[in-house]
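Order of writing sets the labels: A, B, C and D. Residues in every chain begin at 1.
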């Protein structure tokens, strides 16, 4: 499930070269750096295999809290700043110009409604996480980079409220249910689907998506060792998560170089 | 078991450059797009490690339901549209021109006979699946991209009808046995060998081959967590599989870019 | 534990470009194709991660059964035809010209002595196999490409005859012990070390080294599913192994393209 | 968690090309080969996925035992000889010139104080090791390349002395505690964090970091086979570790080629 760097880079080059130029609706009141963070975050998670052909990264509009920014419907590995569109919190596109929308934009819309503190939302089908999403074993932090999991990781099962469905968050009602289960936490697992991570900016939300996946894989291996496991305490979780905030720029610059080097090829 | 994109691409370039041009039997009544889908599907599955040196993708002839199309005997990573040949449903090549045939073409021939609804067949030695093929643990869908598994995944053991063999589907009689076990399902596991996935077109059959392998790996990890697992219900399976049909073009275009970028290198 | 194709290729290019040219002792009575098979086999196994910085591939001299051919002491990823040297069955180099020898050449020497049927020997520190080498769980074939394991896989523990050692086959006495445990089998595991695979030619011995590692990994996963496992029967093993012999050239050509494309870069 | 070679290489090229040239404090009394070993060791471990955005390699100053050498705060994949700085054993930078320092330099400083025999220290967040760091299962050597583990692998839990913290070795007091737990061993695990490996030179310390991670992964798989495991005895450990010392240059040259080829691209 991993994309080699070479292919991500070539994909980006090719998509830039051969995709017919869409009549782009410029987003003049959004700093270009924010659009770039959304695009870089998507491609970083694709590069790590945390997302594959599915998954999305969004950010709340920096000056209009009732709007958010997300790519048109596109594989995460291919997202560029030019693909970012603007939405209201009912999931309606502002100035769609015929572009396809992610069916599950309601995940983002409803979380932005419910969580004024959240400025970025990431949805993945993270392979490390899917086994936990269908198991009774709670996801818990093993190590400091996943410290944000110490507050607890709720699991949302769509069937509880909606019976047998196609598993998708296809409207605001289902999105509200997901947001209720997320509550005030940084991560919610979606049974048989994937997860959502949130944060005060794109870098933190993407960092959390990545390290939730890493922690899931490592916790799975730790469980296989067959003994009691020492997880981070709640207090350790809070203190170590402050460090994650302190180091985020260093790790983001490394990740950005990885995907931009792809672009440069 | 993974092939890096760079090598797939270089392999394709080299095979085009140095393989002596075979006296190609053109297939004038087959749309080139279909031949390309078969080739792309083979290379995508090789790229993902779902097939290695072995495995094959076929499609029923679009206008003659008693014929099907499959590559000459060639590693899946190397298949191009020019390698595709035409066969009847007894596995005989139409216009062989001295090209080698896949020994196990009877897998495809007999399934096309037994299943008028099937327009594409994929055979893999999927590493994720082989452990399930030899175990009593039934393969069941964990997540929505593998929803098509919810109808049940039969396991065909060649020894039941044929005793100790070389494990290969080397004639129509063995192929009929496999087709009987497949019945009306989308996937059948082959004990100690691999699997077959089928679908109404190449893209769906290849999608199913990929996500059967992913599901097997994730289910293996979920089992290792040691608790009860919540699988997709039959109804969820049917509803979510409809979504897989809705998104197939988006994911196919991403996969096609991956292997074609290899070609362009 | 995986080497990307790009780096293997670049390693080969660089080693050809910058390694001081050794005063090479030509091997005029050895067909160049055999020297190339040894080099290709080494690099293929390095590429698959079956060997890393350690491990070696040898072939019995085609016209002098009391000599064998193996690279000078060099990481397997870097071996070229020019690195191949000739040895007698006591492990002495014919015309050493100051080149370093593999400390464990006695593995090869003693097996060629004990097994007149063997024309190629491969030694690896295969990661898939090492867990089985230290466990009581017997390695058994799950699928047809590993059919040659059906005759049984002995485990040689150096401590049985030699007490606490540095684990290396550093002389003929230890090599004889290993050859006795190998007996008439195609594979022997070496406790806490790796394995040895043998065959009637380099391609088969290398094929066996690769598929022994694959089978070990898949068997480990199958065991984790927690149910009874259906292994290949002895008769299935014999019949399916005949097929491995039938397809070896196709798979070898694919593998050779992979590492030679590396060279071409 | 793996970085492809291509990206490491491109990262190095890009960082050399676009990182503003720092006013470099030259280290005239340090042999350039030592600075290169530190840089190569960092990039090798990043390449293997043993370190990701975090982790560091240091060496004691060759002529002043009260100083040590380590990169400025930088992702391990990006370290070059020009990034190396000099520190005293209280973790103070000699001639900082505004460069950022690793927060956890106290790991290195305190171990150099406590261990006169140690000439190199490596700190990783090794994914293979983290599950062992939180489990009661002791890490023990499965195979000869990990023979140095036979003397025992202590686990340091910061909470024992310091209660709930952010898990970091952020001052000399915490560093002393870690050094006490390391005692005279070559490796110490850090609960919920990673590990530290030490050695008489950079190559050995880096070798140990790599093979500790490999051993952890293989031991995890061996445990999953469900039987008694035969680990290396203490005596085997001592004898086999002498061989690791004997082969270190061969493996280092292979690893160095891998990352330098990245540079050359």
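By definition in this document, contacts are C-beta pairs under 8 Å (C-beta built on N, C-alpha and C of every residue); 3 or more make two chains touch, one makes a residue touch a chain.
Every value quoted in this text rests on a predicted model; they were computed, and no experiment measured them.
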Most remote chain w.r.t. Chain B, using mean C-alpha positions, is D
Interface overlap for chain A and chain B, more than half of numbers shared or less than half: same or different? different
Copy-to-copy rotation (chain B on chain C, CA atoms, range 0 to 180, rounded to a multiple of 5 degrees) logged as 90
Chain A to chain D, mean C-alpha position gap in Å, rounds to 31
Could you put a whole-Å number on the gap between the CA centroids of chain B and chain D? 44
At which residue positions does chain D touch at least two other chains? 2, 4, 6, 224
Under the stated contact criterion, what part of chain C meets chain B in this complex? 2, 4-6, 141-145, 147, 214, 217-219, 221-222, 224-233, 235-236, 239-240, 242-243, 247, 250-251, 253-255, 257-258, 261-262, 264-265
So, in the complex, the side of chain A touching chain B is made of residues 1-4, 6-7, 10-11, 14-15, 53-54, 73-75, 77-78, 125, 127, 130-137, 157, 159, 164-168, 191-194, 220, 223-224
